[in-house]
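To keep things clear, I will list the structure first and then write my remarks on it.
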């Protein structure tokens, strides 16, 4: 199998660690050191990038060590996910926290990691506001909260322009309702703040369980300012962020996504973001990459004109026939 | 029971007609003439406005008759819903139809009804693009479609500034995916087109089954340009547009909605938009209005400061306690 | 492409007619006569069976004509769907209707069509209780309703043992809640009534949007009395009964379904049950059958032992790898 | 406020501890000792029962201590939840684990806790098979797994008849698909095993997010053998097991549930089962109980005949009117 060779694969480092949930709090596996996780990552074929989560993987203290591992195991750091969600202090929000002190800490955390990113030759951070939201009715002032988020992100984006901020939306979890929940709201916010280094980080699983079509989602990023900065790949059953391996459920929509990523000239990372609770992390990442390559391979070998013609016909029988032909060559 | 007397209730005229679905195509009731529907509407307590659907209820031919009924039965026309969805010709979209001819017809239809609205002393039309979307993968060019919608709505908004356009979003049905699907996308589009007479028509049922919180949704309309032009009220089980009577399921969230409509100084219609398939239309509308009044009554009698304090505490136990107190006085 | 030749394909006749929904009540196409629909059905490759809906397609009056068409166009009648849902009189239920008179009519309707089935050399009827349910809280006495359904179905099953009854469950639509809603409830009812000629008609789309796994569903039919009598094939996005073409979304789960249908020795019809609102009926049925053949073809050529080994390992990385291998041979 | 005094309230002990999720693994609060949790439980008004989770709260070692606390703080133990889900060893199932050794351990675990229950004067255990299910396609042999579950539960039920087993179903989490997922499947299994001491433990949140109506669910338990053994009370947004305070969302359906629990003569515990991640456990439990009392109070003071008449009319306008009247007296 050949494939479009210029695609760069990345994954989140935590896939090689231990996964816990609220019922099995000690996790389904055993804990790993950072270096053990780098060693496991090395076993994945065609993986050249790693995403790190702030505090979980990288912090001010261990930055030299991370730099060493990164070089020693020859990985690029594709993205740093800012920790605004793993500590109890963020439980009522980070940027939208009504406690000024916490809110300032959140902004400082982002700035600190923008600097750390540069040290690690990484030019992208991920702001995911998972704890910023609400669970119950009459629990928050929506306007105040949104204004705080706008303000906070503006300040971060203005901090240094050489680091890009990918804003990652998610409709729920850990809050029952997150503020930055859909592609529409995310692009609206970005349009409002209007900073060159501020764009979207699309986690396709989050798109799927907001009933978005992944291909439309990335197309809208293109249309509204060429704002697709990064992409997280995984799969789910559309009702929850199951964070399953790529290829588990949505083959057809994934195939369409591959086509549109190409059509909009996306040239960023293809970054796996899964939660292999009961699976071997290396195996699960390998599988995810293999599925993407298969689908990529199809898209890069089928005549583009033919696909365009089918799309422009808006005839779903032709679409079905094309997909069959592409899958079962 | 007393209630905030300045609220104006409206309903969609079709509630008094016959409701059909794909299984019982002849409908669960018998057909009614337009006048019969006006007469039934008159039986609803405290109803002062009617929404009409283009072609179903009003058209170039019967406009004088409608004007006569409107005066005779003393109703205001709160809104005209443009028919871009009841005819087979719209099946692959109106504004985003790839057939130039159909697309032009869609724009002409809107303009025509903007004129008709003025004749009926109505200053608001509803553009709901229910047929503009897609059902299958590889069935549409998202960027092309969105551009066509932006263009079409721009042209309509520019046609005459004395008629307001409420853009009504809906996540699906009749298409499995509609383009204008969530509050985020709607506000993004409105921000992009940037016309004073273009705003949002929030159907709260559509909000609910996109997993939006209704109160947050209307608050965002306020925040992003004071754009809440009109509101459709109904209820559902959050997975489909069941168009049930107000008060059927989401009492708590409705109560919160009432608070926020007041807080953002919404002064438009409270317009019932239900589908009483198996219910008497007069009774179902009456019930819906009575529920709203009860909830309004609570909000207008509880001390505003107390509600604000609870909200600002972000303590959901206080929220729960407040809601209990409000409901079970 | 070769495929397991003993599979018999059937489809519902209405796919060749006009499809309407609540917004476009006159339908997206033009009406067809019964014979026109038979002629269109004839254009579908490898189609040997037709499902008829009572009253819509067949009734006491036109039975000779139907018999003539059936022979002339050489189709078998795979199943007759009893009309307990297309007329306003069923709006508050058929078997569970609190009006004795309507309830008796429902039972008579079934018996009449059991006789008609035999005349058409068809040994299976479909009882789908789409109107038996409720929409609101405090709207029905659940125990009374369930008892009536048990009684009614018992009586029908006892009427003549040479006609099988496939009980088709569906979680909602047209009611917001149907009584016979999931595979569990259906098998429970069947266990309770305990009649040899009473079994399950699994509409896989209904299974999907009840969050069932189709393969588990048919396996349970096997386990609890070998009760899979018939199967309706279509696809959807898991939140509504979209009745799309097979192959639109759930390729992986469909592949697994094909494996389990073989494993449990299902030897009934593979019956397409789609709603091609905006699609050519012949084309949409053709596509559905072609997808099934492709998937069947895979299952019948892969080494059964290999699949069993993967399944028994319960290692989802092996599952993923197997599926990749099967799809991208 | 007065209320039906014979209702006994219980809650799960973990509500007074620390709640963690996959993102904030150290939890949103601080850890508590067992005694600290008993002391907190004592602060809840009208609470007389506690549910314990095996291993988390009670085990062979600390049983005397638990007995001491129970007496000292005068609580009854309403139920013991068997730990078949908190340890990594159960990750691929307990009763349906393909490793004989693990499967035996699961059965032994249940028996052990049946004995422990009796020591604590508790006559009910909860078997919740949260880890028994599957995440991916081609990952399990459904028939084999179900047979193992049937066998295992049979053996446990036969172990000692003086301890009742409440089988608790849940559609997903921690697996993406659990075997014992809906009320239908649960009753089917119970019917099949047919043991006097085997019944259903309905967690109403699990019912809600399987799109069940809670009132219908408990009614079916009555109808199929009077099998409602215990009930877990909480609330959610119908798409996930949010485990929120009672009264947060589904007031109307909860009111109906209270009516039907009375109608079917349910005389067991009203047991709160919430996850107050960010809430004070005492406050959240107090609120839940207060909501139930309010709703109970309504049901016990409204004329039963009137409710029956409305239900028997099957007229949802009357239902709506009744609910309004009950809530806003």
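So that you can tell them apart, the chains are marked A, B, C and D in the order they are listed, and the count of residues begins at 1 in each.
As a convention for this text, contacts are C-beta pairs under 8 Å (C-beta built on N, C-alpha and C of every residue); 3 or more make two chains touch, one makes a residue touch a chain.
Note that the structure is predicted; figures quoted are calculated from it, not measured.
Among the other chains, which touch chain A and chain B together?
Output, common partners of chain A and chain B: C, D.
Would you kindly say which chain has the C-alpha centre located farthest from the C-alpha centre of chain A?
Following the centroid criterion, the farthest chain would be C.
Express in whole angstrom the distance between the two chain centres, defined as the mean CA positions of chain B and chain C.
36
Centroid from C-alpha atoms only, then distance chain B to chain D, rounded to Å. What do you get?
Comparing mean C-alpha positions, chain D is 40 Å from chain B.
Out of chain A, which residues touch more than one other chain, so two or more?
As it turns out, chain A has residues touching two or more other chains at 92, 135-137, 172, 211, 237, 239, 245, 248, 252-253, 278, 315-316, 320, 323.
Write out the stretch or stretches of chain D touching chain B in their complex.
Going by the criterion above, the answer is residues 1, 211, 237-239, 245, 247-253, 278-280, 283-284, 286-287, 290-291, 294, 315-317, 320-321, 323-324, 327-328.
What part of chain A is in contact with chain D in the complex they form?
Contact set of chain A toward chain D: 19-29, 85-88, 90-92, 130, 135-137, 172-174, 176, 236-237, 239-240, 242, 244-245, 248, 275, 277-278.
In the complex, go through chain D and note every residue touching chain C.
92, 98, 134-143, 146-147, 171-172, 177, 179, 181-188, 191-192, 210-211, 213, 215-216, 219-220, 222-224, 252-253, 255-256, 259-260, 264, 307, 310-312, 314-316, 319-320, 322-323
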